Amino acid sequence: MGGYPDSAVGDLVIAGEKIGSRLILGTGGAASLAALDEAVTASGTAMVTVALRRVDAAAGQPGGLLDLLERRGVKLLPNTAGCYTAREAVTVARLAREAFGTSWVKLEVIGDDRTLLPDAVELVAAADELVADGFTVLPYTTDDPVLARRLADVGCAAVMPAGSPIGSGLGINNPHHVRLLRQAVDVPVILDAGIGTASDAALAMELGCDGVLLASAVTRAQDPAAMAAAMRHAVAAGRLAYGAGRIPRRFHALASTPDEGRPDL
Amino acid sequence: MGGYPDSAVGDLVIAGEKIGSRLILGTGGAASLAALDEAVTASGTAMVTVALRRVDAAAGQPGGLLDLLERRGVKLLPNTAGCYTAREAVTVARLAREAFGTSWVKLEVIGDDRTLLPDAVELVAAADELVADGFTVLPYTTDDPVLARRLADVGCAAVMPAGSPIGSGLGINNPHHVRLLRQAVDVPVILDAGIGTASDAALAMELGCDGVLLASAVTRAQDPAAMAAAMRHAVAAGRLAYGAGRIPRRFHALASTPDEGRPDL
Amino acid sequence: MGGYPDSAVGDLVIAGEKIGSRLILGTGGAASLAALDEAVTASGTAMVTVALRRVDAAAGQPGGLLDLLERRGVKLLPNTAGCYTAREAVTVARLAREAFGTSWVKLEVIGDDRTLLPDAVELVAAADELVADGFTVLPYTTDDPVLARRLADVGCAAVMPAGSPIGSGLGINNPHHVRLLRQAVDVPVILDAGIGTASDAALAMELGCDGVLLASAVTRAQDPAAMAAAMRHAVAAGRLAYGAGRIPRRFHALASTPDEGRPDL
Amino acid sequence: MGGYPDSAVGDLVIAGEKIGSRLILGTGGAASLAALDEAVTASGTAMVTVALRRVDAAAGQPGGLLDLLERRGVKLLPNTAGCYTAREAVTVARLAREAFGTSWVKLEVIGDDRTLLPDAVELVAAADELVADGFTVLPYTTDDPVLARRLADVGCAAVMPAGSPIGSGLGINNPHHVRLLRQAVDVPVILDAGIGTASDAALAMELGCDGVLLASAVTRAQDPAAMAAAMRHAVAAGRLAYGAGRIPRRFHALASTPDEGRPDL
């Protein structure tokens, strides 16, 4: 786009593997497979999360979800949605590994169904066990930098902090914590959950996140494909801005055109 | 970009004229003409503001600013930067019309040099006089919806509210007022001043603005061309998101993957 | 209260006159005179605004609003609520001067009935005329520092910027502008409109305002007297904090108990 | 104060014990014992936290810290500041029980010294062990509602979420999480850490917290006693406002004085 190379946005690299886009899509909430297909294409995503139970019946069916993702060249990232304990999550992760033939897993261990926020204690236990079992673990976590470092320390390949509760559309409730978390770990940080609109995704990238994961913001928008395209632009915008070195914030104004009254070009 | 047409971002139309981009660039603060040229190209802008005095010496010089803008096919929008009264601003606008051969003017009547915020009373008086004199007037104004309507009522072709003080990089200090202002007028609204980074520009568009004008955020960034590209993406992102119908904000979470435990695709 | 003197909160001084409280109350929205009486008492206010038309019938009636305020030793501040032009506002101010025997006036010149924000141009014109006519003028204005300085320059005794639209309960939408405005004028600044709860009032004072004016936040609360007491504490809290010299904001933590492992008292 | 009873602010009750104030003070950062004494008095606090090591030398000395607190009738709450593991924290808690003759403990298990945020996993382990050992445990925690419920479930007598990092003065970074946390537990919630000024404390109470704990905001303010008085008012203000039933937030204005042009009292 324009005279500036899109390649400046760069690739997301997780566990040594290049992912061709910094935008990861969830499939939940899509009105139909056709709508999801359009959103996937418009988003330019290269990795999509899927819950194990969503594909029981359709797995392997031609024209089903897995088929669609394969046709689009999109990497599948199974998640453990709906698990409330480490034990459940580990079991589901293993089933998913069998079903999908991948040892990557987005690890979710939920604390309650009002906030869908992770349970810190169970999450660390599950991550520890799955890493030991050879999984590439991407845990959905809170914005707590100390917890994120624990997850990185047990060997997680990335951390995925919530911006705000899943599906809330509240964006990033605590940018300060996202910054602290970004400083606390060396693995990639993927902002996951809470994104409502494009500026939220741009902000996530400006805070130093390496990628963004979102589902409802696209799948439940009135025009999912348009919102997917918006998110694609937003992630590029935020990443470029992060690298471009923004101007500092100032209390007073600073004339863009200095007052000396002479041409300064 | 991707499967979604860039045309969905649409053209900015002011006074019946199509402007080929929703991003308007100011030239102040650029380190060199070469840097400005790169930024103009990377931004995809189609209209650039220039202060009269900045081009006194260089006007018409081959290789000068005007020459550059013409080569890039960019419309020139003279401004009245540095004017503190209606009388001054009207005089400068007329000189600019002579010098640049355009009756379009970005009208600035500044109240003081700490905030560089407009003086409401002088601004309305100057706008009134310039409209009567045949100018196409785009006034730099506050985020006050009542003042914006006054400016539209005297015949301004667009209104350009400040997000925050010029050069402050504080972004949009009062999104609520920008929304109220957007409802108050029928002419295009261009968010002008205060933008610091890409998410600010995306937010401006999500609030319903028709375009964004910025200078320092690009020209004074560490890498102006990269930030210009970021802003191009950000404006596209915000505009697409605005049209896409975002999800509502919710206090509690909403599972993207419903709990019924069955495939829903 | 406690060991610290309440006198540290200090008096509000307008036009050389000491007002015994920094909290000014509006009467609109009160469910009954009895409820208003309780709120007035609990708030500790010393000045109350009244719209001229609200007292037509009841003026001078024993047991009416004016009687109540007089019994409570509260100064009456007539306003020009409902006026949309300078001419109307000047007329109403003069009628109020006759009716109430005071040349103090809270000047409101409204731009429209959706935002109830002031019309800058009409406001300055009306203020100018009323000052010339001997009034002590307290204009309800926007948070625009340039407009505030204009009002001070024409001789207003204080300026009363809106935190957010009247009755919206949104609090202070743009604290940065309130700070800029505070620096721009030497007359007292009374935050007026938009306050929803106690922390909003405390913030107003911390930003350097000399007082707070509110109506709906108290009169329409479920328990007006409790909210009035809350506001009284909040104004004291904010004023004391403003004078106490708060700690600076820091990105990282600072241990309150240093790590040296020895008693430091 | 005024016609409204201070008793409406109510008492804080923890583990069945009435604490005479909703404001808890930390002692760290105080310039001198005399300064602390003034702050304690001005704050009206009834409970003060002390780190074990701070009192080694001075414990029991007439004119020392403990003596001061006893003279002021203030309950002492030992903390485990500086502990990084459950084991350390449990040990320090037991030493404190011996030294101070109280089984109440503010449990801190810190994750790192840049953020001083708690380590979720160690915190739960330590809380569990101390509760089993008969302590009344008040853990310093994050704003994570799931973690807070875990702490309540293992028997903690209250939970003390951070508003922002200790000593940062950033206030409450994520009010939404504090609301969610408030809903998640039945034990008292004490906002602890990050408070910078009075409006932060008022906001904490408006979000439903039962009390506020702060140290630096008072001890490191330019005028500690004035800031202590400010905090006392702020906590009262916020608590009263919480109980008073604030007005809803509205996008548009609502005239406090209706337009019907007749007296409505």
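Think of it as A, B, C and D in the order they're written, each chain with its own count starting at 1.
In this section, contacts are C-beta pairs under 8 Å (C-beta built on N, C-alpha and C of every residue); 3 or more make two chains touch, one makes a residue touch a chain.
All figures in this text were calculated on a predicted structure; none of them were measured in a lab.
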Residue-number overlap at the chain A/chain B interface, same or different (half cut): same
Between chain C and its twin chain D, rotation from the CA superposition, multiple of 5 degrees: 180
Rounded Å distance between chain A and chain B, as computed from the means of their C-alpha atoms: 31
Length of the line joining the C-alpha centres of chain B and chain D, rounded to whole Å: 46
Centroid spacing, where centroids are CA-atom means, of chain A and chain D in whole angstrom: 35
Residues within chain B bordering two or more other chains: 114-115, 117, 165, 170, 176, 251-252
Chain C contact footprint on chain D (complex, rising order): 1-4, 8, 26-30, 32-33, 36, 38, 41-44, 51, 53-58, 64-65, 79, 81-82, 113-117, 165-170, 196-203, 206, 215-217, 219-234, 236-241, 243-259, 261-265
Contact footprint of chain A on chain D as seen in their complex: 111-112, 114-115, 117-121, 124, 142, 144-147, 149-150, 164-165, 170, 173-174, 176-177, 180, 183-184
